[in-house]
Amino acid sequence: MATVTPPSDPESDPRVKAVFDDIRQTRGSDFINNVWRYLAFDPALLEQTWAEVKAVMATPSALEPKVKEMIYAAVSIANSCEYCTHSHLAAARAKSMTPEEFTDFLRVVSSAGKTNQLLNALRIPVDAAFQMGKE
Amino acid sequence: MATVTPPSDPESDPRVKAVFDDIRQTRGSDFINNVWRYLAFDPALLEQTWAEVKAVMATPSALEPKVKEMIYAAVSIANSCEYCTHSHLAAARAKSMTPEEFTDFLRVVSSAGKTNQLLNALRIPVDAAFQMGKE
Amino acid sequence: MATVTPPSDPESDPRVKAVFDDIRQTRGSDFINNVWRYLAFDPALLEQTWAEVKAVMATPSALEPKVKEMIYAAVSIANSCEYCTHSHLAAARAKSMTPEEFTDFLRVVSSAGKTNQLLNALRIPVDAAFQMGKE
Amino acid sequence: MATVTPPSDPESDPRVKAVFDDIRQTRGSDFINNVWRYLAFDPALLEQTWAEVKAVMATPSALEPKVKEMIYAAVSIANSCEYCTHSHLAAARAKSMTPEEFTDFLRVVSSAGKTNQLLNALRIPVDAAFQMGKE
Amino acid sequence: MATVTPPSDPESDPRVKAVFDDIRQTRGSDFINNVWRYLAFDPALLEQTWAEVKAVMATPSALEPKVKEMIYAAVSIANSCEYCTHSHLAAARAKSMTPEEFTDFLRVVSSAGKTNQLLNALRIPVDAAFQMGKE
Amino acid sequence: MATVTPPSDPESDPRVKAVFDDIRQTRGSDFINNVWRYLAFDPALLEQTWAEVKAVMATPSALEPKVKEMIYAAVSIANSCEYCTHSHLAAARAKSMTPEEFTDFLRVVSSAGKTNQLLNALRIPVDAAFQMGKE
């Protein structure tokens, strides 16, 4: 159950249709997932959200697409965002994350969760050397 | 100010010395950062924590070391663990994360933070298609 | 699925009935939502929880009711509390939050989520001037 | 200690100077707080971050400026972002939040924190009626 | 809907069978809950996860089993982990947590949630005396 | 740096003095820690906060005082509340938590943090059997 109601015929609004067309073209797929169907309740919010996701996640940049999806998923897991976790893990797989990489990812995020709790308990002072790039 | 007091001469305990020696050898550096100096308050906890971090982060695996450090840092940022954020961003730099990759990383983690809030507000149902690996 | 079982006939307990009556009178509605029906498993906990929510949220104070519900919802979204997000957004609407205000609210909470991640990554020192009320 | 080093003479870069000038003009103040001084390490990131904060927080919209700052601060508190908490509470005060409103704000965010824990423990099913705007 | 698919006949893999046998023997029960059935998708991850949970939670140590489950549940509630909250509250009950202790637990975790928000808003400096064990 | 300024002579206000006297008597100590000194900026908020903490944490109940402090600290660690972590770990020690119990506590909270991340990534369905108290 969502806190907003998606429009029943979203593409009757030309602003929504333009965004959906761009999503389909950018991804080379006819599939429009729920986040965009529901965000169509407010075309301006839909446009802005898609523009940002497209610029950050679907535009070539320093990190490869698969790695960006894994970083996005890691944050979403830590923030307990169920939808984001599903959508960005699915995206990582669509962008060629292998089963071995996924298991490795799970090990890293869970070990991070472990030491995050440990260090938030111990409150150890940060080493001055970190500013110099030492590990 | 930490919630534990580190031993003043940690390497006088042979179990601590063995861990510190392994840290130095694994990293090829004499630098021992504070988390290990403070964890020396309990040699068994030190041994177990280092064994896990070494196995997950300092052992060749499917993902490259730099990417693992960025994923680790992403979780730490979301969990607001100050020490972990500093130590794993420093490690990512030591493992050749470039300034361009760091800026890209910042864009991904902050956009994730944005849509995590948006989706946790909207509570949109998860698409069945995600199970199939669609984006 | 909840971690407690609500009583099948909660108002047979006079302490529960007194709380439910007060909820109905305070809100001018016969609707008792699930949090109160489930909390009836422990009448003392029910009484204390309702007393606090009534004092903070249903008693005139410096901030208007609609604003208090939006602040409550903002915290609940960040803490990923699904029930609280639904109940306090519904309450904000019942207390006259407009669609335009809701969209504005979504923009603010998601931008906050974005810069929270960015600043928790950058760990920038707090300006001394903030103590003086400068922006 | 931050994870980036701010440039020593940020306004020697014309892109940075343009952002700082716009901050000064928008706020009617010469004060540039640390987040902008540090973000100057990457002019593009500075431009994008300021553009979003200005659009969301410094442009007239459905909610009044003071209320937007309080909602922003509420999210920042829940996400334990120290810098954001200081900067947005200072901004709320600069935009005329009274001491009585601040205390009311503290009551609302702390009661939300309380029931967020309680409901995340009890995992009570969401009422279908919330979709209809019932409280 | 999970992000992994559990094997249909997990115990046909001898490594999985060995872990399931150990779970049954350790708990004195034939019941294998979902987390183990799903983790069987990667036998090495299953082995490591069970080994850690067994060592920490099912091995005699300084704290009694019931108390450890309540501490585990408290962290899980704060991190909004739905599965973990259900499984560790069920485990606490199986290890003799009484209804009175459960209600007391709910009071403590919710009051902690309240003051966590309040203190993360106020950012009060930590007393030097805490290092000495003063309350 | 806090977001409020504590009064310089808090006990000149009789409401503040009454609370401070009750804190001293309840704890059998002259030490008043910073949270109360700062909360004195608003006597009503001080009274309510102390009344709740006293009722929940300093009044005999089903769980022993030391265990309640550890549960409180566990939530505070997960919510990254620095002040609360220090104050409740100090309180647990003052109420006889042993070094062995503290190390055990650290193991439990860090393993919980680990599996919280793992399960928030895997999103495994909750077993119906948990409602029956099975582990």
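The chains carry the letters A, B, C, D, E and F, assigned in the order they are written, with residues numbered from 1 in each.
Basically, a residue touches a chain if its C-beta (ideal position, glycine included) is under 8 Å from a C-beta of that chain, and two chains touch if they have at least 3 such contacts.
What you see is a predicted model, and the numbers here were worked out from it, not measured in a lab.
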Key: Partner chains shared by chain C and chain F (touch criterion as defined above)   = A, B, D, E
Ask   = Going by the stated contact rule, which chains contact chain B and chain E alike?
value = A, C, D, F
Inquiry  = For the interfaces A-F and A-E, which has the higher count of C-beta pairs in contact?
reply    = A-F
Ask   = From chain D, which chain is the farthest off, judged by mean CA positions?
value = E
Remark   = Chain centres from averaged Cα atoms put chain B and chain C apart, in whole Å, by 34
Chain E and chain F: spacing of chain centres that average the CA atoms, whole Å = 20
Query = Can you give the whole-Å distance between the Cα centres of chain B and chain D?
reply = 27
Residue list for chain B, restricted to those that touch at least two other chains = 1, 3, 75, 77-82, 85-86, 89, 103, 106-107, 109, 111-118, 120-123, 126, 130-131
Ask   = Tell me, which parts of chain F touch chain A in their complex?
value = 73, 77-78, 80, 82, 85-86, 89, 106, 109-118, 120-123
Sites on chain B touched by chain D in the complex = 80, 85-86, 89, 99, 103, 106-107, 113, 117
Key: Contact footprint of chain A on chain D as seen in their complex   = 1, 3, 5, 126, 128, 130-131
Complex interface listing, chain E residues touching chain A = 1, 3, 42, 44-45, 75, 79-81
Key: Complex interface listing, chain B residues touching chain A   = 1-4, 27, 29, 31, 33-35, 38-39, 49, 52-53, 56-57, 61-63, 67-68, 70-72, 74-84, 86-91, 93-95, 98, 100-101, 103-105, 107-109, 111-116, 118-127, 129-135
